[in-house]
Amino acid sequence: MLRVAVIGAGRIGKVHAAAVAAHPQARLVAVCDPIGTGAADLAAIYEAKAYAEAADLFADSDVDAVIIGSPTPLHAQQVLAAARAGKAVLVEKPVAGDVDEARALEAELATFEHPPVMVGFQRRYDPSIRRAKALADAGELGTIEQVTIVARDPGPPPAEYVAASGGLFKDMTIHDFDEARFFIGDIVEVSAFGQNVLPELAETGDFDAAMVLLRGAGGAVATITNNRRCVTGYDQRLEVHGSLGSAVMDNWRETTLSVNTRDASGVRQPYLDFFLERYAAAYSNELSAFIDAINSGTEVSPTVADGVAALLVAQAAEESARTGRTVRLDIGGTPDYGG
Amino acid sequence: MLRVAVIGAGRIGKVHAAAVAAHPQARLVAVCDPIGTGAADLAAIYEAKAYAEAADLFADSDVDAVIIGSPTPLHAQQVLAAARAGKAVLVEKPVAGDVDEARALEAELATFEHPPVMVGFQRRYDPSIRRAKALADAGELGTIEQVTIVARDPGPPPAEYVAASGGLFKDMTIHDFDEARFFIGDIVEVSAFGQNVLPELAETGDFDAAMVLLRGAGGAVATITNNRRCVTGYDQRLEVHGSLGSAVMDNWRETTLSVNTRDASGVRQPYLDFFLERYAAAYSNELSAFIDAINSGTEVSPTVADGVAALLVAQAAEESARTGRTVRLDIGGTPDYGG
Amino acid sequence: MLRVAVIGAGRIGKVHAAAVAAHPQARLVAVCDPIGTGAADLAAIYEAKAYAEAADLFADSDVDAVIIGSPTPLHAQQVLAAARAGKAVLVEKPVAGDVDEARALEAELATFEHPPVMVGFQRRYDPSIRRAKALADAGELGTIEQVTIVARDPGPPPAEYVAASGGLFKDMTIHDFDEARFFIGDIVEVSAFGQNVLPELAETGDFDAAMVLLRGAGGAVATITNNRRCVTGYDQRLEVHGSLGSAVMDNWRETTLSVNTRDASGVRQPYLDFFLERYAAAYSNELSAFIDAINSGTEVSPTVADGVAALLVAQAAEESARTGRTVRLDIGGTPDYGG
Amino acid sequence: MLRVAVIGAGRIGKVHAAAVAAHPQARLVAVCDPIGTGAADLAAIYEAKAYAEAADLFADSDVDAVIIGSPTPLHAQQVLAAARAGKAVLVEKPVAGDVDEARALEAELATFEHPPVMVGFQRRYDPSIRRAKALADAGELGTIEQVTIVARDPGPPPAEYVAASGGLFKDMTIHDFDEARFFIGDIVEVSAFGQNVLPELAETGDFDAAMVLLRGAGGAVATITNNRRCVTGYDQRLEVHGSLGSAVMDNWRETTLSVNTRDASGVRQPYLDFFLERYAAAYSNELSAFIDAINSGTEVSPTVADGVAALLVAQAAEESARTGRTVRLDIGGTPDYGG
């Protein structure tokens, strides 16, 4: 049984705590959160230890692995401290607050031996996305040419959250950037149109919707459509189009029921709402992959390098949306602004 | 160009007249209807002759073929007269008012040479049903085991129509009986539950809804669900289940648009309403098959024998629904009431 | 925490054991199975006690409730013994081996005070079926007129299982009979066509497929289509048609992915296979309802009376399929064979 | 009866000729094509006159209206000549070979009185797209925020056609540009990524696939995805997402049949292929709108100004794809290259 601790007793921390508790190969042994009774409350549910200080947690020899769901600015330093303490790490996205910090983390981690460090792009473990990837890898879709990703949240987070989020591209689109990379590889060109559609977020200075074009190193292109608000629920779709076929991921509903009336036919419920429901299987599979990587030495995916790459694309998208220019990315990493 | 006349200037007569007028290999030359200005009005649209008497029409040497859409009690005698006059005939369902009359017609037609006589079960020419049949015949579904037919009208005809219709099974289900025979062959056993769900038809003495079980000579079984009222439109579905797979026919809508809102997702329009819209392609294909049978000697389908067989099943269903017994049919045709 | 024991360490017993272990308000305390190491093996996983004798289990004061997943012939006596011992009971379908035994059980249970006894028709707790029921109860579909149930297993059980199963109608269709009763109430008329489509079951003397017509006391009718073999997976569908609309339950697939190629579009995976996957949520919800009934005195559904009623319909269906007659059921319970 | 002539006896000319011949308010009176026996052959089918010279056609007083389906370089001059001759004009897209020529045409047409001139963006008359537009205009989707258009041809035209086509954006995407304008209004910003995925078109110097971002004057954005090759057929989809909901247009198939087998479920046929099949209703509705504009003075849509605007966006997309810059458009029309 892998002994796992969770840092952060907020929404995502609770998801991970529950996933660990339910997993046959893991046991939740500790929860860490500096604020109020968060750690204690969450720990109590699972009869785990509660910590206020991450340092104390890292010093706990009863902990084999930590799942980091703390605020983004803490990610890089906690990953590093945990790795130095010999803990395996699963860190929520983004891996760090910006590209420089992420690269510094990546460089530092390369200087010493440590257990696996995995980044929490859980979509790679969603059964539908995995099946699309498997079909693509098996060549059943031919050469991948065009990818379409739609990701809309049911409703916006509070303005304070948005203001501190690092921006739409790092906070929300980062999942889509990793998903696009999953299918079309390294991104070499980015063009983004930001939008402001929600009055309640107007003061944040951040975009609340966007459409993005990406070009992969191999020539495939992708569009991403984001919106902080989709009244029908959490809108999560993917289309992978290749020379021999395409794979299309639809939204989930709670039931398969459709209703027919005088006015309409085929009426289904709104989409599953929100990511905890939609990606429940993904979080569970992600945890299994993390445990396998620790126990069996299977490959970690996504890696810290993937986390860096996604941040790089996010930064380029922000740049493009602000300047109205297409941004080119040297795969090595140096952005080369077009024109 | 085949010179075609239409008997009956009512709803179905107008459908056939328009189909003939639009067909590249046919020309509408005459319309016959004894009531009011029906024949003249319809004929005027297509610059055709108008007749009040069918006998006069049959005597017209400019007519190669007649499509009979007159009231059911006239079908058998008009088919016979037309065939004797050397006209090809496409007669609307049912081929006659009852089994005895239909059999007498069939026997009489066997006594002399005449052009093709075809019965208007147009569903056999619907692209979806044809494709299901083609898949079944090609063996792609394996051995056919179970067929499910749903046929619901958007709303009931007037009570007077129903009272004179010969009953639900002969008037409405007759299409489903032929459709079932199309997939599972001759029917040997029938059990029917009639229903009365519409107050406005309560005085007619007829059922306005029904569920029927059929067993084919080869062992496959079918259910038919009928209802004179389906608020979402004309509900026409089919499922053919075999040992290797199944084929399922869904309803058509006017567009492919679906709408997603706060309350619902995937909202489509009601089903196409009514048979003229739903079976537009079927009527056109039926006419082409009729013309081919005349011009090229291709096989007629459905035949008068098919019309007789459907009536026989309808009669058995009525008997079953009235007596509460399963009715067995000798394929030769003599009903043998179970028990 | 409710202390629950499971009788029967077979397939369904394992389902219930896992559901209990995962339920936040229940704890698996014992497993009982007389054969080999079944009880011990299953108990070991959950650190529960193992019993070979049900009597010993019923005498265990650490057990609050038992879930009976033993062979059908043992159901009635174990339900009675457990109830007498003051245990709450959730018994798998059918509640007894035949109608007489089930009625005797029902009568006996009425003679003394005991905790809730619930029958395991888990479909009543499936989210899709529940939603259809909720829509129907809320009047959104109007007066329910016609119900269509399709239930096909992916493949047949071994011939030995079938031979000892009590017959298709009691073993498999019994779920559909309860489902039909859920929507159209007490059944007053039954007509069934049995089929034999599987050579490997030909020697069992049992039907391996069937189509059934049911009429409810209120006038609504239902068809049930069963097949021991559906190559595409576990085919579980429902359609509830009323005067104002209909609700249609489709099958589930593992993902929402559809694939488009040169030959086809919209290609989805086979249906979820088998009932453990398809009805996972139903089993979990059923357990919650059972626990609520025990803890909070909420109504038990389905009751032993529901179990008796379903058996009565099963018996009538068998009679109808064997004799070719429609069987009428006095709601009070005395079958009155038609004709 | 409107007397209509068709210029161009190629693929699109034949479509229009057939539509005119079938229309109850129009009659095909002449066909014009300078090459070989094209005009004569097509005219013979409909018993119409054949012309080799457009000038002769324009001089024919028996012609009320002309539909121009000639090569693009001839469009502007023929539109002008027809209008000067007092004929109503429906001209295929693009309205002219480039923006300058189109603007000159627009300016010249403004100098004299003439019957309606309409541009053949037939999608505005597709029932699904019209319904999406009606929903949007009725406010049922709220404020339109994001539009997604996918348009993929089943396979590429010959390399010679592509080389002379004026480029992907003017030849193919032009329809999508008009469709985007239909929903989000005047375009003010364009970013395009061109692709080369088809070896057989590599020598043409043209893109054979593209993804485009557009921003409308009101702030809504759109993506367009084009590909000269989609193996599943003619892939024509649209999604209009607003603050209150979204409307999604799926592809059509020839039948509603879906097939379930051991390997897959829900298997449908490939998409309708190609535009003649997919947009049959659109061409018919477009002709009706043209006739109505002539007969009843209803508004022409799309106008020559719409044709100019679509060309302007196409030119900007080409510029963006070639330079890697986002191109801004002054709504008045002067392009202002970003950066």
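Per-chain residue numbering starts at 1, and chain names A, B, C and D are given in the order in which the chains are listed.
Simple rule for what comes next: contacts are C-beta pairs under 8 Å (C-beta built on N, C-alpha and C of every residue); 3 or more make two chains touch, one makes a residue touch a chain.
Computed from a prediction, not measured in an experiment: that's the story for all the values here.
Taking the CA centroid of subunit A as reference, the farthest chain centroid is that of B. If you compare B-D with B-C, the chain pair joined by more contacting C-beta pairs is B-C. Spacing of subunit A relative to subunit B, judged by their CA centroids, is 58 angstrom.
Here the CA centre of subunit B is 40 Å from the CA centre of subunit C. For subunit A, the set of residues touching two or more other chains reads 231-232, 244-246, 251, 258, 260-262, 269. Of all the residues in subunit D, the ones that touch subunit C in their complex are 231-233, 251, 253, 258, 260-271.
Of all the residues in subunit C, the ones that touch subunit A in their complex are 22, 127-128, 131-132, 135, 140-141, 244-252, 254-262, 269. Touching subunit C in their complex are the following residues of subunit B: 142-143, 145-146, 148, 150, 152, 189, 191, 193, 195-197, 209, 211-213, 215, 219, 221-223, 225, 227, 229-232, 241, 243-246, 320, 323-326, 328, 338-339.
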